[in-house]
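Quick heads-up: structures coming right below.
In the two complexes that follow, subunit A is the common piece, with subunit B as its partner first and subunit C second.
So, the complex of A and B:
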């Protein structure tokens, strides 16, 4: 045993001609070689993008909603426009007491909010921000992998509501289940239609197949259905049935306090971000620019971000307009209209493909 | 408890600990000042004034005050209106469910000191049940008065020290 260990040490350090003094140089070399992936993990599809989006979107949503209601919104916190409002909220939530009631299953209760905000952010590594800017390039598996990762997320919300052991959170958790079943199936059928039209499950190839025309023109039906599905999956306001503040106290989030509640709030925005980016990739040409005279104008990450901002503003604007449907109206809408129309969209795409129009 | 005191005494002797405590207290006070989330506990008829305060003319969200639905996430109970003896137990129950740090604001003359029902058998002043931080008198108080009361609460929060030297 001792001999083996000695041999291994000899092999690793001495035979390669390395000493302890070389370690900083090795680390530096590792960082230089891998600077691009590290920057990608930390900055653009990674941590800074998600956190920055959550902070800016919460602030913008509060301010924008306030302006739509002829109010001022956050004003005194940080300068004269309330830019530090979200920081104040999160610092307060960090330093606030976390309550674990006696009746909760504390393991799931503590784990699920953290998982809920991390698992949807894992899906962001599959989004192409440019032709060579995919953090985890798994080729033809990327679209099914995205749907699989995002399909885990509702389970977290269900477990979170279940482990709270409170009647309101329990009702909210089962509403999450109803919502996701009626929203996810149309979304998957629509993505299948997109994959058939592009001829690949690879998200980069789907974007490149849209260089002649974005897919929302031939698949307008699928475009609308997918958009509604994004609203349902991200629990945005026309479909925020699981956290209905009037009927259930706060849905499946009722029992969370302190930073656990902060995580559930952030999770909503992470889901929102991931689904919106997939929506842009599938129907609005991803990172490709607008199409003028049959040619695409410059593929750049700027275009993806520009479309992203426009969509975010539009979705937040919807919140000021629409009231919330009841849960059975929502399920009826999902099963009676969205799913058959998504199938119709799939058949239209098959027809276009068979007759060779696309 | 003894261990905690000993720990505090030991940490108090570390040079620079007081500065760190003050810094954390400052950041904490700033954050709590601008992020008071009240639960809107309607026990009586001052609630239209409270709705006005959240509405477009007297916008309370300017101060970062955002009413929330569940008491677990809130920092502050606003007892809006008359509290009967039966309701006061519920207010206390709600107060106990809230996480520290927590505050209570008595809005209106009735929860402050029984108001026009001073000789009723069932009306109580809410400070017999829970500790009240700010009293907002008036029958009902105008929205400006409620906003002024919340600003008084903010001043009180900023002057609090949770970690540092308690005098």
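So, the complex of A and C:
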């Protein structure tokens, strides 16, 4: 707030008779005063983190799964490791023609992939990388806000599939809706249990409450349910039912081409990233960990990223070993097992809290 | 293909030919949400007129197009034609040639079942890893084919009255080595994939084909034996050396997709046993009888039935005293099984997600059904 006021004052000085020659100095002043939020937007929970994750994760997934499939994977672009393949693919997608079939609702068709990759990345600003390294610190509202932002995403996927006016996309879009109602509710109940145990909806306070012991020990049930919920919400294997390739070509994304397809791919990884970070924050102690080299902020960011990398590798590994259930089996699983067990977890937490054990 | 009118609440979607899993066919699905009400198989995208081509070729030259009917299972298809040609010429095949024919046929059957199993795993939603593992395992068989016949695919190895070449030196040891390797691999596949819980929930109690329906609709091959009926041409009308080999017909009583998958799996085991037995006990002797490519076949009508990887293949051959057959009618197994696949939606409740699993449990080969 102080920064904003300072900025406003600085800008109003322009009207008070300052010359053009003063502008560089003013910009410099603005940058120095707001260096932390600018760094946050550009680097850590912001642009570099999101894009860097998408690039590295796509490369790693391709290379790693290729090894599992006894192949070599990307090989020619950027040396034998194929690191530059993702950039090459991105350039290719960017330069390719965007095909708009005659029957699409072009407004939603063009808008939804862009929204889908940007809106879930808004949720990332709520994740604490340190008690003082939260881009958008809204205190006790941060957990509900996160869930609210992430709750919009499936709706946009439904719109994207529906506006494509393709039969595969249509079925895929409704599969997204089914997945959403069977995966979101257990996640919200589990988050409520965590909030009760920590005594706050504030993500920073939830992390600080785990300084004595991570929440996955007292809430092991919730830990498992939330993990499955993350897989369901992020459409990761084995729950990649809406884009099931052998059934629905590419599900709700079938008609997208060029950079619009690139945006849907981007959206997948952003959702994956946001849900995984929330999972770490709620159950695996968030940024908590021993302080290294006396640098508190740096070591906190390091620990969060370390946990993040381990979890990502584990989730990508799941892709090689599991087939995919049917959508009706998925719904049955969500409503018959995940939701009742999440409620049981909530009652266990209430009991622990009531008898003062935790 | 004419498309009859459908009710407004039902959506007709086309599963193929532009689809990652469909292959060279189109399957029209009448769906209400996820439920499939009706399946219409639209075959004929790869019709090549093989029956007509055979009329313009000598009996020997006809082996080449027949071999290309199902590349993955070419030995089992061409042995049907070659057996008919044997009958037409009245040739007595030497015993050693029969054993070599059986060896190549069994290797081809494993090749075909491996491919079917890889696709089945992919259809249930495995990342293509399993398909590529089976493809790599197939290399063992392809190397053996190359060593014996000189070609990895579509080896036109059988001749009327024998086979082209004798077993090369050291081939028997290589066969036994390959059999041991494949046995180890199949044990792993069984534990890791067939008994995987997620694979079971996708395959158990899906697309049940009762024994009476299987007989009524004319199912054949693993689809028929998966319904508990032990019909196998190798046992019922032994050709090649199958009368002399120790093996049994595999059946499963569950009648569902899993039963068909298991039949294929156990048949691979039987084929490996047969390969081992042939490598150990093959009799000595000549491998072909004297035979001229321009020999005239006497006038007559011949019908042979052989068991391919996908089921019973019938070859009905008419000869009229020239070097060429005057008509060859081929009754391919995949065509019969595709009719069964169409009817399965009426016999069971099916969803869109079941379609790839069910069609791969039937294991059609469209080049074979379209001829």
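Keep this in mind: the second predicted complex is superposed on the first by the 328 of 358 C-alpha atoms of A that agree within 3 Å, B and C clash if a C-alpha of one lies under 4 Å from a C-alpha of the other, contacts with A are read in each partner's own complex, and residues count from 1 in each chain.
As a convention for this text, a residue touches a chain if its C-beta (ideal position, glycine included) is under 8 Å from a C-beta of that chain, and two chains touch if they have at least 3 such contacts.
Nothing here was measured: the structure is a model prediction, and the numbers come from that model.
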Which of subunit B and subunit C A:171 touches, first, second, both or neither: second
Contacts of A:247 with subunit B and subunit C, given as first, second, both or neither: second
First (subunit B), second (subunit C), both or neither touched by A:326: second
Touched partner set for A:237, first subunit B, second subunit C, both or neither: second
First (subunit B), second (subunit C), both or neither touched by A:137: neither
Touched partner set for A:70, first subunit B, second subunit C, both or neither: both
Which of subunit B and subunit C A:105 touches, first, second, both or neither: neither
Footprint overlap on subunit A, where subunit B in one structure and subunit C in the other make contact: 69-71, 245, 249
Of all residues in subunit A, those that touch subunit B in their complex: 62, 66, 69-77, 82, 84-85, 87-89, 91-92, 95-99, 245, 249-250, 253-258, 261
Residue ranges of subunit C touching subunit A (in the complex, touch as defined): 11, 13-14, 19-21, 31, 33-34, 121-129, 132-133, 136, 196, 198-199, 201-202, 351-356
Footprint of subunit C on subunit A - complex, ascending: 65, 68-71, 167-168, 170-171, 174, 237-238, 240-241, 244-249, 319-320, 322-329
Touch list for subunit B against partner subunit A, complex: 27-28, 30-35, 55-56, 59, 61-64, 66, 68-70, 72-73, 75, 97, 99-101
